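Below: a set of structures, written as structure tokens.
In what comes next, subunit A is part of two complexes: it sits with subunit B in the first one and with subunit C in the second one.
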Partner chain A sequence: MSRPAGSAAPARVPKLRRGRDAQTNGVHYPRWYWQSFAAPAIAWLLVFFLLPLYTVLSIAFGTVDPILRTPVPVWQPWWWTTAHVAEGLDKTFGLFQTVYLRTFGYVLVASAICLVLGYAVAYYVARYAGRRKTLLLVLLISPLWISYLMRMLAWINLLQPDGYVNRVLTFLQIVPEPVGWLEGRGITVILGLVYGYIPYMILPVYAFLDRIDVNLLESGRDLGANPLSTFLRVTLPLSRPAILAGLVIVSLPMFGDYFTNTLLSGSPSTTMIGNLIDDSIYTAGQQPEAAVLILILMLLLLIPIGYYLRSTARTAAAR
Partner chain B sequence: MTETTVAEQRRVEAAVPAPRAGRLRRWWSNPWRKPGFLKAVTWGYLAWSILPLFVAILISFNQGRSNSSIQGLGLNWWWGDPSGSLFRDPELHVAIFQSLRLSIGTMLITVPLGVAFAIGLDRWRGRGSGTANFVMLLSFVLPEIVLGVAMFLVVVNVLEFLNLGTVAQVVGLVTYQLSYPVIIVRARLLSIDKEYEEAAMDLGAPPRQAVRRVLLPMLYPAILASFTVVFADSLDDFVTVRYLSGPASSEPLSVKIYNFSRGSPTPAINAAATFLLFATTLVVIVGYLAYRYSTRGQHRDELTALGQV
Partner chain C sequence: MQHPRERRRGMSRREFLRRSAGSAVALPSLAAVLAACDRPGETASREQINLLVPRPDSPVTLPMNGEPIPTDTPIEQGADLQIFNWVDYVWKAIVRRFVEENAEHDISFSAVTTFNNMEEAVAKLQAGEIEADVFFPTIDVVPKLAVAGLLQPLNHDLIPNLEQNVWDVYQNPYYDQEWRYSVPYTVYTTGISYRRDVISDDEIYGMANPWEILWDPSHRDRVGVYDSYRDTIQTALLKAGITDISTGDPEDLGVARDELLSMLDVVNPRATINGSYKRLPQGEFDLHLSWSGDIAAGWGYVPTYTRDYYENLGYWFPEDRRGPVDNDCIAIPANAPHPRLAHEFINFMLDFENAMDNFSWVGYQPPLNDAQPALLTETEGLYSQVSGWAEPAEYVLPWMEAAVVRQSDFDVGYRQAPLSPEADERWNDVWQQFKAGVTTGG
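Right after this comes the complex of A and B.
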């Protein structure tokens, strides 16, 4: 419900009790009626979402069975031990430092490419597609329906030493001999990330640009701005929230991505944070390390996640 | 100035070729000029995003063993090869059914749970609803590896009765997918007034009936969309499902593709991925047709709605 500012309800109106009295028009729902709809899902999230997250904490701050090497979660925060966490932080700034920096670098470059390319495509489709708009939208949405694996597999096929990419490049004499694209090259991983996540950038930006009032742009032109300065001084500032939302949506999964790297490189020279987690999960006795790595990852993502949740709450409130 | 002089001046201007910079400037500041560069970028992007998929599909019909070049077309890796083709390799054969079992199970649990959650969240305006909504959105934005590893740790160390395997996989998928029906149904609920149910209740319907016979039918399109999204997405999921897999027979097709893509895969892996692609496409088309049918005669803007999800 949108409520214009300044039209706050008169102060004297008695506060309605939640539940029975909250409804209008004399229609009465039983107490806890709507809550009962949400209850099963809330119970589900408590047991299968919040409990697992808390388990990560209790294992990260827990101990390890000395004989079986299995983690012993410690549930009470006042009995937590910090050995695993200290070790994890130690590694973050030591052994794993390059991995963290590399992850940031890859995500930064890939998100920037997603933004520039995605914005251009979204802008064209929103403003100039004309009759072809539906076709273009279907083509833009289709990658979302296609398995990520299928899309990576396509590049595994194309980038083989005797694959079509190398054949074209050697035929055009751009490279003298076939390049081992899949043998631990950062550029392949970055292109894989862009290929995988760019649709998630294009759609929110498109949805936003499509809603910009054309009159605003025309008044910019009427006031003497050329297309470039109309874009720079009207469209771009207006679309700042969409750009930020797109960047968050694209970079969050990239930070947790391990499979793009496994599929397109698999070499230690391109390892990302996700790979550290994925590797430690399958190594005996390393579950606490995986838990600590998950905690560090969540800590790093706190700001973008917080931004996303806040802006979503704000849009919901504006409705 | 008389008319002749103006016309003359124009003729003179036309005859003398404008300096290059002037023409450029005029082209640059013409607001109606065709956005040629953007057009090229867009179609280039689309080609880049879609052509590789056609190559991958073609390779699944390869006669030879190569997964990088086409050596004649045929159904060798779908059916022909007695031990290595998609439908006859015992491992892949089992995986197809595991994929279907997981997605159908997930869909049947997630959608009712999520639809009820959405209705509850939308109508219940208390302090608790904000928290519940926050937790739901958190499950939506966290990278999947976080949820997958957390579920793995809880199944292995705490809720041990959920052995790694089908049950644990479905539980993990439901948790990961739960936010989709909630978001889709809530978007629809925003456009439905409370007055419909209230009218029904004024006419004597008890609350349960008002929801079941008035509100729910209005939500059918959103519910259909949720079924489609959840089914298609769980069919393709390999992160959560992989962490929660038990014995090799509990790995669905997506996990097999992931495991086999390393090393030197045969085109049977392409056939498996293409099979998933066809299955998803079929589900989306059926879902879309059912959606059209359930919203016949109404104003739709599903494409923009999809963009906002």
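Right after this comes the complex of A and C.
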């Protein structure tokens, strides 16, 4: 890493270091040179994360225009008011409790389905796809080229009373008459979430499984394990970090998702937290509450992120 | 120049006096600075707030925000007309006609800038992100924008069609007396759209209280309401027999809340925005809360464009016409780049032929004297005429005559007047309880 590509240093100098060595050899890297490589990332974080986050804070602790009922962000923390925060917390532990539980339930089930299906697919591609590996990977990634919204709209067509899903089900006589998938059912929302996010599960798991040393599996066999116990005692424990990464990647956006529910259900009986936030944003005078709900959701999501970071740090330390 | 340390040593009497005088001058300015650091956020006077909650029985005259443009202002040459409107709420063919009629001024029109809800629209106007010539607000937003100085007063001489063509009830509307800032665009009632292949006209019209059909368990999973708190909560109020649909009374709203929660239990309704004009015609709903204009436009969204299929669409509104009736508006933002052209456009949209042709596509009726109810259910609209793929449709299909709005509806119907912030908060609480989908079981 320390050797810059294409450096003009003479070949007899084995290593280039900052400071005097470099200076005497005619190549000078100022102190800020390598640090400056982080500048785009820092600028990105500042502009697209910290600034928006501070705006959300300023709205959550801010006021509302008395005439237009639009949010007035308060930038100076010493003028912040906690009224909206109190109300948001009050609702979180009261009125909205069911919605939080429902959201957690949906995300849990949807992530689990993503994991089971995604793992199986990734396992197959990594171990058994052979020459078709690249083709399969392209096919698996291709849904990501289409916008999430378009994919959900496609599902509306597929799930309609006379859509293909119902046609196949009735043709195979699995159901006697078309199922009203779009009539406000939790199962439809869960399946929509699974469909929308499963590629994000397959890719990290595949990347990891693909790198598992085949010798490890073979030695497992040599030591008398059958295929199942090789999988359970070698492959599965080894892929734990990938499973965690996949779960984090799919479940975090699911928690904030709102238009899967809006498009595929629309029934209040399947409302998720994201829908409550979306509703508040577009209600006069309610935007500070929306900001509070966003902050509460962020705090809740820090728990799984923290667990993931700790667990990966441990795995790294164990090596 | 003295050394800094030397300067600290004592102070002459003269210097003391000079400095005291200085502080005397400085103190008030310090106070001003402190005041500037005061809690951010505007405050509004009681009078201003009162202007925001007009009622038919306590109308408001909005303060003039400057002067209207002079009558002799020439139409802006080479202007690109900027329209800020709901999605699909003006027929582009009519806008293009306006451009053609004003060809001599070399004007153009590229696209309608759209918004999905009023909050978004107001926020964009407030932030100055949008520079629109014409804007299509709801009546509750007109006073807000006018008081906030975001609309410009209209020059009535440039809009002669209003006095000539528009219903008397709109010559001096309660939310904007002397129509200083707005003209009416469309009128509509709020009733129930239904599939006539599932529910017969006799069945719904024969009910003692047809609002109850939205709570009928035999239509479970097939019922829709609007994802719009005023319209859906007012339906619960009306079902319970409360006719003040702008009530702030906590007791009334408690009743509405209970009704809505029971609706969740009984029929698992879906809250939509496109349910009535699009998804009910496509067969996704049996029943939907409906603005008359939505279902009038519904024939344009059916799966097969035949008269036979159109007959599946029905609309119920109380036969004694005691139900919600309202209107939408057109206004000119204060920062409109082409205010003269905007006046011209408004006058154009209040012309009978243009308004009716626009109506044939939008489904929402203009409040014009010549738009007689009989005419509307007997005449094929322009959109139907030019739609080669569809069998002809009247402005309002004859069996949906209830969807025609009459001027007399405004005498007996209920107006959805703007709410005070306190009342609005209560309405929103009810709405959040409904949207959270927390049922009592069952």
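Following the convention adopted for this analysis, the second predicted complex is superposed on the first by the 248 of 319 C-alpha atoms of A that agree within 3 Å, B and C clash if a C-alpha of one lies under 4 Å from a C-alpha of the other, contacts with A are read in each partner's own complex, and residues count from 1 in each chain.
Throughout what follows, a residue touches a chain if its C-beta (ideal position, glycine included) is under 8 Å from a C-beta of that chain, and two chains touch if they have at least 3 such contacts.
Small disclaimer: the values here were computed from a predicted structure and weren't measured.
> Hey, is it subunit B or subunit C that touches more of subunit A?
More residues of subunit A are touched by B.
> According to the stated criteria, A:L95 is in contact with first (subunit B), second (subunit C), both, or neither; which is it?
A:L95 contacts subunit C only, not subunit B.
> Classify the contacts of A:I187 with the two partner chains as first (subunit B alone), second (subunit C alone), both, or neither.
Neither: A:I187 stays clear of subunit B and subunit C.
> Quick one: classify A:G266 as touching subunit B (first), subunit C (second), both or neither.
both
> Report for A:L236: first if it touches subunit B alone, second if subunit C alone, otherwise both or neither.
In the superposed model, A:L236 contacts neither subunit B nor subunit C.
> Who does A:V168 touch here: subunit B (first), subunit C (second), both, or neither?
neither
> With both complexes superposed on chain A, which partner does A:L297 reach: first (subunit B), second (subunit C), both or neither?
So A:L297 only meets subunit B here.
> Looking at the overlay, what does A:W79 touch: subunit B (first), subunit C (second), both, or neither?
second
> Just to be sure I read the superposition right, which of the two partners does A:T70 touch: subunit B = first, subunit C = second, or both, or neither?
both
> Is A:T283 contacted by the first partner subunit B, the second partner subunit C, both or neither?
Second partner only, subunit C.
> Hey, what residues of subunit A end up touching subunit B and subunit C alike?
Overlap of subunit B and subunit C footprints on subunit A: residues 70, 160-161, 266, 281.
> With touch defined as at the start, can you tell me which subunit A residues reach subunit C in the complex?
My answer: residues 62-70, 72, 74-76, 79, 91, 95-96, 98-99, 102, 160-161, 180, 182-184, 265-271, 275-276, 279, 281-286.
> Considering the complex alone, what residue numbers of subunit B touch subunit A?
It comes out as residues 28-31, 33, 35, 38-39, 41-42, 45-46, 48-50, 52-53, 55-56, 59, 66-69, 113-114, 116-117, 119-121, 123-126, 128-129, 132, 134-139, 141-147, 149-154, 156-159, 171-172, 174-175, 178, 182, 190, 197-198, 201-202, 207, 232, 235-236, 238-239, 243, 254, 257-258, 261-262, 265, 269-270, 273-274, 276-277, 280-281, 284, 303-304, 306-308.
> Which of the residues in subunit C end up touching subunit A in this complex?
It comes out as residues 37, 39-44, 48-49, 52, 116-120, 122-123, 126, 144-145, 147-148, 221-222, 224, 227, 229, 264, 268-272, 275, 283-284, 421, 424-425, 428, 431-439.
> How about subunit A: which of its residues touch subunit B in the complex?
Those in contact with subunit B are residues 18, 22-23, 25, 27, 29-30, 33-42, 44-45, 47-53, 55-56, 59, 70-71, 73, 117, 120-121, 123-125, 127-128, 134, 136-137, 139-143, 145-158, 160-164, 167, 195, 198-199, 203-204, 206-207, 210, 221, 226-228, 230, 252-253, 255-259, 262-263, 266, 274, 277-278, 281, 287, 290-291, 294, 297-298, 301, 305, 308-309, 312-313, 319.
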